[in-house]
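Each chain gets a letter, A, B, C and D, in the order it is written, and its residues are counted from 1.
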Amino acid sequence: MKNTLKFLSILFLSILMFSMKQDKPTKVIFFGDSITQAGIGPGGYITKMKEMLEKQGIKSKYQLIGAGIGGNKVYDLFLRIEDDVLAQNPDVVVIYIGVNDVWHKTSHGTGTDADKFTGFYNAIIKKLQSKGIKVICCTPAVIGERTDNSNAQDGDLNYYSGLIRTIASKYDCPLVDLRKEFISYNLKNNPQNKESGILTTDRVHLNDTGNQFVADLMMKAILK
Amino acid sequence: MKNTLKFLSILFLSILMFSMKQDKPTKVIFFGDSITQAGIGPGGYITKMKEMLEKQGIKSKYQLIGAGIGGNKVYDLFLRIEDDVLAQNPDVVVIYIGVNDVWHKTSHGTGTDADKFTGFYNAIIKKLQSKGIKVICCTPAVIGERTDNSNAQDGDLNYYSGLIRTIASKYDCPLVDLRKEFISYNLKNNPQNKESGILTTDRVHLNDTGNQFVADLMMKAILK
Amino acid sequence: MKNTLKFLSILFLSILMFSMKQDKPTKVIFFGDSITQAGIGPGGYITKMKEMLEKQGIKSKYQLIGAGIGGNKVYDLFLRIEDDVLAQNPDVVVIYIGVNDVWHKTSHGTGTDADKFTGFYNAIIKKLQSKGIKVICCTPAVIGERTDNSNAQDGDLNYYSGLIRTIASKYDCPLVDLRKEFISYNLKNNPQNKESGILTTDRVHLNDTGNQFVADLMMKAILK
Amino acid sequence: MKNTLKFLSILFLSILMFSMKQDKPTKVIFFGDSITQAGIGPGGYITKMKEMLEKQGIKSKYQLIGAGIGGNKVYDLFLRIEDDVLAQNPDVVVIYIGVNDVWHKTSHGTGTDADKFTGFYNAIIKKLQSKGIKVICCTPAVIGERTDNSNAQDGDLNYYSGLIRTIASKYDCPLVDLRKEFISYNLKNNPQNKESGILTTDRVHLNDTGNQFVADLMMKAILK
């Protein structure tokens, strides 16, 4: 009798814990710069993703958290990874960085050298993967939306995107290739070769179409 | 009798002047930076052009003069146009500038803003054309020979080349589109996506193949 | 009789011309950047100078003209010297340039190399002096008002100011040493080592005190 | 009897451990950039310090280790602190960084913003102090040896040196104020206002006098 009770108790607790675990949503942190900081605002790409999850009736399965800070470069992510990411025990981290590493070279004289970009990016992934966290990489989308390769930072953005593709492959991380996707989209939708206004407001930050475009691509990567 | 003599004299003088004019070679000045400075050295593109003219037996018809100074940007050409070009009364001036205007932005913090690049370029052409000098424009070839648009300055070089194309068209100047030609050549001849060694020694300055390549293109423009 | 008339006519004309010459004001052009562009606005340093001349009752003796354009560097002055200065036949030109030549190195990657700064500055003075125009040079005042030599561009501003002092001396031009005067003023009036707010609004552009300070120094140089 | 034996054993072990501790040298790591990388070479400042310790007969009391890598900025130190410093269990770490953080702004477009310089510097000190390691800070000496505050980076170097002084004070770290010491030395020993050749070979890296000068200052700080 006593044993039967004990058995039933354990069974009940196991079921409870299992169902609780089932209920625990997948925690996803978007780790990035001002684009991600705006992502949690009204109409931001993370906000849109939350709405999409709700519509699809799977809102409870995912917890989406924005950890974007304006002006951040790859080494800033490394500096704050403990406090802003690891402390929250995420299941998935989306690294969305690189625009300022390239852009600030001419705008502030404080961009990031390519070899150091790789070094810090690798270090971030290693730290996350060592905790069993799934890492998703993104290439930086655009600094200027001209489609004829004549935006001042196109060459450098392509180069740093190439570095990220290599890193993602090396560490077996899914890749959201925003650079490639934005260029494809603009080739179709920017016939006047405009600098901004297609997916961005100001050559860098996302307008509503851009936020939806990124939300769709991110969603695919996360649901995969 | 007197009239006949007068007539013959005039006829004779006319023939003499005509033949003198025939004998006077077309004076061509190559106005540029270190690439043109090296152009008059052994194996340089201007040296090669002289050899080509000799082989074709038309050496006496053209006087090729190099006026390149290392580190020059468009405004340096404007500053020295009187002394180094106009003082020599050329028939043709080939403007070959733009690499340092783009490159020095990150290497020295002293590149040239796009609007000012256009302003000085226009001013140079106006000054030359006002003296009846034929102007030939060139786009800047390369800063890095990678073929996947991932050389850091590719975007900016493309943009400044676009500015030059517009200017050349506006002022009705023949264009030697080195940027376009170098990219085409590299797409065929640089399968390993190397940074240099195809047409350049160091991503910018011409190797022997590069000097011959430029010499051929310049020759076509001048003989046209 | 005829001779007497002729003599009187000549005398009369001479007096007339002399008095006309007396009446013709000294035309002073201030040739510079955004600081000078703002100088002709309400409360600007040139506006203040005009008010000072009026108060002193010598308004008719000087015609003060602002020829400042925002973002200008030394080579921009050289490019527009014909249209904006020489076309107006000034008696005196005050060259007030240098802030952007230094500042834009890090803010835009398009500052001016020191040797080229000197080259263009010399060329401007030569062109003006060859027309008999009196040239007054100014050193660039400040980019940041901290008094402990810790404004990022202090070293470079000091260096370029040194270049201007040497040039002014070489071409025997009066010098308004704004750099030196601003530093002295701030050492007395900026005990809290503030970045701006003493003579500038934003580290560079003049507040009301700054405009008056510059007006006083310029006035001394012009009346001398 | 048993107790007496036990007592003697403990006494013996205590003496042994005490004498071992006495014998264990103080391990000092110099953590920096190319200046420190050269410091362990022939005539380098760390090499000189070792020789000085030997002459003073206290060679066995200190183990001096160079951990300098060319081109390093503050965030590079943070990235490699685990592997290159903490893994060696040092007693003292001398942080000697800052030249490239300032210099690379114009030479490569990849310097370090002031607020991020502070952020990483703080993080390094916290990490070291949390392990009980004594931290000694250094200000960056010079980029150019002119004595009239006209080296291009003087303002920025002064500013970053000020940041380090504040940090050192906040974390109660001894400070080797190389910036201040080099300026004092040059004011006395560089009457011709030369750019280099007094304490440096090339405006930045130490010549023999410079290495000795730094060795003397470092020695004082370590022996204190």
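Structure notes:
The rule we apply is simple: contacts are C-beta pairs under 8 Å (C-beta built on N, C-alpha and C of every residue); 3 or more make two chains touch, one makes a residue touch a chain.
Because the structure is a prediction, the values reported are computed rather than measured.
Path length between chain A and chain D in the chain contact graph, taken as the least number of steps between touching chains: 1.
In terms of C-beta pairs in contact, A-B outnumbers the other of A-B and A-C.
Here chain B and chain C face each other with the same set of residues for the most part; over half of the interface numbers are shared between them.
Most remote from chain D, judged by the distance between CA-atom centroids, is B. Centre-to-centre, using mean CA coordinates, chain A is 53 Å away from chain C. Taking each chain's centre as the average of its CA atoms, chain B and chain C sit 38 Å apart. For the pair chain A and chain B, the distance between mean C-alpha positions equals 47 Å. The residues of chain A that reach two or more other chains are 105-106, 108-109, listed in rising order.
Contact residues of chain C toward chain B in the complex are 75-76, 78-79, 104-106, 108-113, 116, 119-120, 123. On the chain B side of its complex with chain A, the touching residues are 105-106, 109, 144, 148-159, 162. Chain contact summary for the complex, chain D toward chain B: residues 105-109.
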